[in-house]
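So, here come the structures, one by one.
Here come two complexes built around subunit A, the first alongside subunit B, the second alongside subunit C.
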Partner chain A sequence: MMPRRLEAALDRITRVRGVRGAMLVSLDDGLVVAESLMEGIRGNAVAALAASLATRLGRAAGAAGAGTERFVHLAASRGGLLLMPAVEGLLLVTLTDHRVNVGLARLEMQQAIEELA
Partner chain B sequence: MADHIRRLTAELARDPASLAFLQLGEALRLQGQLDAATRVAREGLERHAGRADAHDLYARILADAENPAGARQSWERVLTLAPRHVGALKGLAYLAYQDRDYDSALDMLETALSEDPADQTVVLALQTVRAAADRQDAEIRLRTGADIFAGIEGAEHALLLLDMRGLVLGGVLRDGRGLVVSEEVAAYVAGAAQEAERAARLLDLGPWESLECEGQAGHLHVSVPAPDAVLVVRRDRSVPAGRVTLLARRAGAAARAWLEAQGG
Partner chain C sequence: MKARVVEPWLLEPVERFVRESGCRLTLIMTPAGQVLAQYGFTRAVEVMSAAALGAGIAASTGEIVRMLAEPAFQALNHQGASHGIFLGHFDSPRGPLLALVVYGADTSVGLVQLFFEDLVTDLAAAAPPAPPRGPVLAADFERDLNQSLATLFR
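What follows is the complex of A and B.
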């Protein structure tokens, strides 16, 4: 069962308008550690794709001299993914629709990570 | 036979050691009588092998006879005898120009001009070679894509255009130490772009528009300015993320214009 503190952190992110779900993912294998998702969202697929994307983009950022990833935003026409490294090889992933305030969602993600640390 | 050629021929016949062969050879060359000019020049050289002007004459005849290798050899011989001989410098510059080696041609002509600043033929030759060098430079820049982002902030080190296979189309990306990392980044970014496309499709997010990464040392912005093309913008952490997005839009428009000009 998901620890209460973790559940509360993810729930707070999902309260931001336009956020369809938030989850903690293992960066190494793309498996779900904890999630708070709207119905119909395939958590396993989101986790696997987000981890793979973070890994690949991380290589590019390193090679380009941008350093270690702190925040990633995949923007698409109907929504997007927000990624933020969390503690101990975990990745905080937020799935959004196109109405989301990215800055606000990002602040909640940062707050959640601080609480989990 | 023209009068002056007749006169010079007679003068040379009277005194075979005379320097009249220089004028005679040149007159014959200008009239297109290259065989006769060659004979005169060679005979003159036998008697005056140490004269730079004699070798210069022979070189000009060889150049007219479409023997650039021979002409080059003769003009180089001139420069061993007279290192700043304007005729030889002009001649070698002409050969370099023919070979599209404009840098060498400009070097020689500038040396010639410093020797004789009043020589208008050198001034005109310099203008011709500089124009050709500029055209060549423009062609190379267009072909290599070096000008894609001209005038846009970061064009020399922080903007890169690649195809979806990870091959660089144009622009340059340098890392924090100033090293060119375009090819390495292109390879990794292509992988990330493919993954972004896959994630957007499988998660029903619609076509992906951009991939923004804030790193500890800087920002990386990846977008798709045209089908099968990926744009990478890297900026320092000091540049706000919103400004990086604006910069990416400007660079994207430039990339689209360049791709259209390439017929892509």
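What follows is the complex of A and C.
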């Protein structure tokens, strides 16, 4: 069962219009720690691939001298993926459709992470 | 490095798994430890040891699972300092099989698990119908084992 604190943090994000789900993922393992997803989304697949993507982008940012990554927005034809490093080796992943206000979703992600800290 | 397989239908699914998961070593074997495919091993003795140990781990874990009244042993993961070991059990048209996967820091258990699910699906789709089976004799088993190792390291 998901701890109440994690559930509340994810609920904050999934209330944003156009958000299809949010999850906390272990960055090293690519495993789901907590999730709140719409039906039909393969959470374990998204978690593993998003963690891998974040790790590689982090390396790229480091190699480019850009420092550590803070936020990733992957825009695709029918939606997108928002990634933000969270506390203690966790990655906050938000799945969106094309209607989402990315700025608002990002703000809610930041506030969710502050609540978890 | 290419995967080595005992039967051709195994090659494409195993190579796809290795490519996508980013693992370093892979063994596909029966629960008795008979190897059907391998990737990354360079010596037959390493394959034999890994297969025997993997089959032993699966057997002992399966027994613990049975004691806990769980339906079946599915997967086991060991996370080491520089390598992880994933042992997955699955059913195929050729009967129950085990996958022993060693992966490094350049991938994750999440990715290995994800592509393991695809491997199971791919193997189920690729497997030809099982040949009729006769009684298993010790001499046949040893001959099959030697043939498998000869194929994997020819």
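Here is the rule we use: the second predicted complex is superposed on the first by the 117 of 117 C-alpha atoms of A that agree within 3 Å, B and C clash if a C-alpha of one lies under 4 Å from a C-alpha of the other, contacts with A are read in each partner's own complex, and residues count from 1 in each chain.
Just so we're on the same page, a residue touches a chain if its C-beta (ideal position, glycine included) is under 8 Å from a C-beta of that chain, and two chains touch if they have at least 3 such contacts.
Computed from a predicted model, the values in this text were never measured in an experiment.
After superposition on subunit A, the partners subunit B and subunit C are accommodated together without colliding. By the touch criterion defined above, A:Leu31 lies against subunit C but remains apart from subunit B after alignment on the C-alpha atoms of chain A. Once the two complexes are laid over each other on the shared chain, residue contacts for A:Ala47 go to subunit C alone; subunit B is not touched. Number of subunit A residues touched is higher for B, counting subunit B against subunit C. In the superposition on chain A, no contact is made by A:Ile113 with either subunit B or subunit C. In the superposition on chain A, A:Leu104 makes contact with neither subunit B nor subunit C. Note on the composite model: angle subunit B-subunit A-subunit C, taken at the C-alpha centres, equals 90°, rounded to the nearest 10. The minimum CA-CA separation between subunit B and subunit C in the overlaid arrangement is 10 Å, rounded to the whole angstrom.
Residues 45, 49, 52 of subunit A are contacted both by subunit B in one complex and by subunit C in the other.
Residues 173-177, 181, 184-185, 188-189, 191-192, 195-196, 198-200, 202-220, 222, 232, 234 of subunit B are the ones touching subunit A in the complex.
Only residues 25-26, 28-31, 44-45, 47-49, 51-52 of subunit A touch subunit C when the two sit together in their complex.
Residue ranges of subunit C in contact with subunit A, taken from their complex: 79, 107-111, 113-114. Those residues of subunit A that touch subunit B in the shared complex are 45-46, 49-50, 52-53, 56-81, 95.
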